[in-house]
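Going by the order they are written in, the chains are A, B, C and D; count residues from 1 in each one.
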Amino acid sequence: MQLGMIGLGRMGGNIVRRLMKHGHTTVVYDKDPKAVAAIGADGAVGASALEEFVSKLDKPRTAWVMLPAGKITEMTIEALSKLMQEGDVIIDGGNTFWQDDVRRGKALKQRGIHYLDVGTSGGVWGIDRGYCMMIGGDKAVVDRLNPIFATLAPGIGDIPRTGGREGRDPRIEQGYIHAGPVGAGHFVKMVHNGIEYGLMQAYAEGFDILKNANIDALPEDHRFDLNIADIAEVWRRGSVIPSWLLDLTASALAKNDTLDNYSGFVEDSGEGRWTVNAAIDEAVPAEVLTAALYTRFRSRKEHTFAEKILSAMRDGFGGHKEPK
Amino acid sequence: MQLGMIGLGRMGGNIVRRLMKHGHTTVVYDKDPKAVAAIGADGAVGASALEEFVSKLDKPRTAWVMLPAGKITEMTIEALSKLMQEGDVIIDGGNTFWQDDVRRGKALKQRGIHYLDVGTSGGVWGIDRGYCMMIGGDKAVVDRLNPIFATLAPGIGDIPRTGGREGRDPRIEQGYIHAGPVGAGHFVKMVHNGIEYGLMQAYAEGFDILKNANIDALPEDHRFDLNIADIAEVWRRGSVIPSWLLDLTASALAKNDTLDNYSGFVEDSGEGRWTVNAAIDEAVPAEVLTAALYTRFRSRKEHTFAEKILSAMRDGFGGHKEPK
Amino acid sequence: MQLGMIGLGRMGGNIVRRLMKHGHTTVVYDKDPKAVAAIGADGAVGASALEEFVSKLDKPRTAWVMLPAGKITEMTIEALSKLMQEGDVIIDGGNTFWQDDVRRGKALKQRGIHYLDVGTSGGVWGIDRGYCMMIGGDKAVVDRLNPIFATLAPGIGDIPRTGGREGRDPRIEQGYIHAGPVGAGHFVKMVHNGIEYGLMQAYAEGFDILKNANIDALPEDHRFDLNIADIAEVWRRGSVIPSWLLDLTASALAKNDTLDNYSGFVEDSGEGRWTVNAAIDEAVPAEVLTAALYTRFRSRKEHTFAEKILSAMRDGFGGHKEPK
Amino acid sequence: MQLGMIGLGRMGGNIVRRLMKHGHTTVVYDKDPKAVAAIGADGAVGASALEEFVSKLDKPRTAWVMLPAGKITEMTIEALSKLMQEGDVIIDGGNTFWQDDVRRGKALKQRGIHYLDVGTSGGVWGIDRGYCMMIGGDKAVVDRLNPIFATLAPGIGDIPRTGGREGRDPRIEQGYIHAGPVGAGHFVKMVHNGIEYGLMQAYAEGFDILKNANIDALPEDHRFDLNIADIAEVWRRGSVIPSWLLDLTASALAKNDTLDNYSGFVEDSGEGRWTVNAAIDEAVPAEVLTAALYTRFRSRKEHTFAEKILSAMRDGFGGHKEPK
């Protein structure tokens, strides 16, 4: 099957490569001609402009946009849609806010253009491991593009099957899901990332407690000098908390158990924030997911203004001075 | 090798069975004679009293106590130690508070009795899957009992090895660790459980957000009717958040995706609490682990007094009345 | 000065009364003719329809809308604005989302109609105590309507003056502020309410800890049977935590220290949610304000789906059953 | 009445001065002879050693210990008690952990020495404003020392009386309470401080949101440049959130609204921690009080190890690099 790809970064480039490896053909465009040339050398049909990109696609066209969420994705889809025709499909595979999908999907539908939102998980490992995909859009379109999704998905591999799923949608076990109408794909991907933040923070706090188990402030017979690289590894084996995130942690600690190659400045992308917004809209208490997000906010500041307010109050009622 | 086991519940019984299956011999005691008889039929040497239990053990004796943490473990170890001699070993494999281990270890040492604390993870699955063990105590004793631990541990199995661990303690990859002196085993196990609470809560909140994505309070075009059993399953495959806990969740949802076979009354054991206490003693912020604990506290109440205070204040300043 | 008031509920009615008591004249409208009649008996000019209301106002007209935030306020302002003319002023004194103010202010400005958003605090006590007002809009309009605000504000009263404020805007000490352009008033009011949630929850948790200090689960010599009504009262006097909210709490507890006249079902209005949204947009960690909001969400559910997920996991890995 | 005071720091010295101003006599001791001399000049009988201090007290003696909680208080009371006789009273007015009081009270009782724990609030303002006191101990002793407490307490002053308290213990309105047996005083004071942390953090977060309402990351028409000193002041007047802590904040902001005279390094004393421990022992969810404590922990670190773990994971799954 043929797929057009706009955006040849880490994700877009690897998706194209995985597709070609399994016999699909691709047309590619990126504002960086070198990225186009590089993947052209691997067999993709390159385009040096959006118009050329569209003209090289067979009708009905399918164009996957894999760009940073926000303004650039919005503008690209806007421009692309003007070149597309009734029956064509635009896929947003980035980390777009699902309410933008809903809005866009409606607008494009009026012009007969199909829109799919595909939450795509797998990171740098996806090219080999496959991508877990959460898809929103019309059933007919999702079904028509099934060969693409089936190829990108990890497949059942050696992950054990869950009992009681006989007779259910077989795509799920292959690692992709048609989650619902436009927006549902990115909504589910958003919650996936929200959970990811929470899981990461749970491990992070646990290791922090292990790391600080030997500080002077503790009574001498209540201190432990623990090997946290070994602990991360042992928990991978027979405990209740193994996970891929723990595997990655064990791997990082095996290389450098002080992690002093990192400063602890932690970015957040939109999904963590939107997950909390969704929780609030639904009146669902989401303490852990929110705390995980706030930790990242805090990690990027030297001090908050809130902390200065605390110091000012303490000075005010108790004459407490901060250490210099 | 010979091991004595006191306490033949789900954990103790299965540990004995796993040991015997691999050629070890066992002496067992439980206050319930039926439990002793049952496992005796499988090959264990039974005892009907603590004295008999001790007398049937070869010297130097090794007795593993596998009882609910707290008073019963304390009293049993107290009684047992009076029957033991210099060079004997008492293992507490339960979920004991690590500071109790430190105290006990010191007291027993004065009488020449060795004490090991073994945090044992694996739950009902351990008999087949093996137990991840976190061990505290003297090196010589841990080394001497290595055949027991090696048998109980899961072994390397088909879990991929972590790069960069060449030349390290080989026991870690087998699934057990000598974490440090007495207390260190239960300390590490405690943090394991603390993390477990946090991970569980992260998933739980995420699924709650998915579950409530279709409520009437949301704008009509922002609602999704999601198949959360399928979502749990698809996330096991190629996403960033696979884990054993997710496997279990997918399995439960495959059977009944409303989970109306559960009420949502969630117990907590000591480890979650002690983990927060440890974080506080170390001045480590542990928002997520604490929030996970508090959620469990709240799950067991119809309403908190705190909530009544809020209602009283709202009535006071705004005349806001609660719905009947 | 003349003010038109739409909406004669607890807040709108009392504002009108306070204005008339101090010599202002008012024109009033409410969809409930009885409310109009009641306040007409106190001296207000009543109107039985929006058109009549507008026609009875002197030009340039000033109409204060005091309705529940959301659709009804939106529709009323929409209808009202069609009857208004260049130079007229619409005030939204309700609890409107500040981004709605920004949108509305822009649209009305194009038609020459002024818009003010006035966050109005004071609750049922405001008629006597006065209202703390946080005002957004153009300076000229705010200045022109100063007599209204000055009358509604509490005035300096017997609240001690803060040192170092000499030469500053004198309106602040009277209890009202021109916070900035349209939207700023409700933004500041929103944060006020966000803080309110946090303060309330802090007290609530503290009293919950006092209330539970005598439970059986505690060691006998670590239990206290505390008189929480007396404690609330004593803290009003010389401690670090006196506040109006504590006064209200002490008052409620003096009447009934079990608070069993309340169930603990706690509503939230939009401001608490929007405050968290604002924190997230600004990447400001707001743990306490968010936790306070989530507590209210939780107070309104028998159990969350999250809690059922936890129970399902615990059953899965440990065979733990919930109590019946 | 006569009172002995050990520890002439900010709190102890001012307590002595307030007592003498109202006609009581005092005997004082401090390890710093200058502190003894200074207050001796104001009329106190000074002592240069503990033995001398005890000998100068009339029987039955009453000695108030006002020292930093922990080892120094423990040692001083130990030494003091050896010099005291049956019927004498030791008061611990510091911020002692209430479980230490329970232990100490029991031990002293066996020797016939009375022990009171007095949680004393009021900070540097207490000398004029009076001290809110939360007292634990035997009724007879508390009653006998009433003249001391009545003098130290703020008295009813101009704080309005709470309705419905007619016929209740009149001491409460004077600002002191006999909370219960030994330990109850410090327990109540502990919760007071726990609440204090929560209140402070609620304000702090709110002001942080106001402060960051103008950052570049926000859409241009959603930014506000707010005068937070004025907002703090206006909220003191007629809003729902006035409090003494807000008074102090308004005062600090009036002097310097950037608060750049503070770094934001925030200490915590034991009470905040013990409050969380108490909540956990009682299974009371205390999200806000705990979050407030954790914020302080975090304020004292450049980065946490937890944050480095997050960065390591993000690098692992997504190749995300930290900014340099």
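By our rule, a contact is a pair of C-beta atoms (placed from the backbone, for glycine too) under 8 Å apart; a residue touches a chain by one contact, two chains touch by 3 or more.
Chain identities (UniProt): A, B, C, D = 6-phosphogluconate dehydrogenase (Decarboxylating).
Quick caveat, the model's predicted, so the values are computed rather than measured.
Student: Just tell me the minimum hop count from subunit C to subunit D, counting one hop per pair of touching chains.
Tutor: Counted as steps through touching chains, the separation is 1.
Student: Tally the contacting C-beta pairs at the A-C interface and at the A-D interface, and name the larger one.
Tutor: A-D
Student: Which chain has its C-alpha centroid farthest away from the centroid of subunit D?
Tutor: Relative to subunit D, the chain whose C-alpha centre sits farthest away is A.
Student: Cα centroid separation between subunit A and subunit B, in whole Å?
Tutor: 31
Student: Once you find the CA centre of subunit A and the CA centre of subunit C, what distance in Å lies between them?
Tutor: The computed centroid separation for subunit A versus subunit C comes out at 39 Å.
Student: At what distance in angstrom does the C-alpha mean of subunit D lie from that of subunit A?
Tutor: Taking the average C-alpha coordinate of subunit A and of subunit D, the gap between them is 47 Å.
Student: Scan subunit C for residues touching two or more other chains and write them down.
Tutor: Where subunit C meets two or more other chains at a single residue, that happens at 123, 201, 203, 205, 208, 212, 240, 244-245, 251, 281, 283-287, 291, 294-295, 298, 304, 306, 317.
Student: Assign the assembly's chain-to-chain touch graph to one of these shapes: line, ring, star, complete, other.
Tutor: complete
Student: Can you name the residues of subunit A that touch subunit C in the complex?
Tutor: Touch residues, subunit A against subunit C: 240, 268, 273, 276-277, 280-281, 283-287, 290-291, 293-295, 297-298, 300, 304, 306, 317.
Student: Quick one: which bits of subunit A touch subunit D in the complex? Just the residue numbers, please.
Tutor: Checking each residue of subunit A against subunit D gives 10, 123-125, 200-201, 203-205, 207-208, 211-212, 244-245, 248-249, 251-253, 259-260, 262-267, 287, 291, 295-296, 298-299, 302-320, 322-323.
Student: Please output the residues of subunit C touching subunit D within their complex, sorted ascending.
Tutor: Residues in contact with subunit D: 99, 102, 106, 121-123, 126, 129-132, 134, 153-154, 156-160, 162-165, 168-169, 172-177, 179-181, 183-184, 187-188, 191-199, 201-203, 205-206, 208-210, 212-213, 215, 217-218, 221-222, 224-227, 229-231, 233-247, 250-251, 254-255, 275, 278-279, 281-289, 291-292, 294-295.
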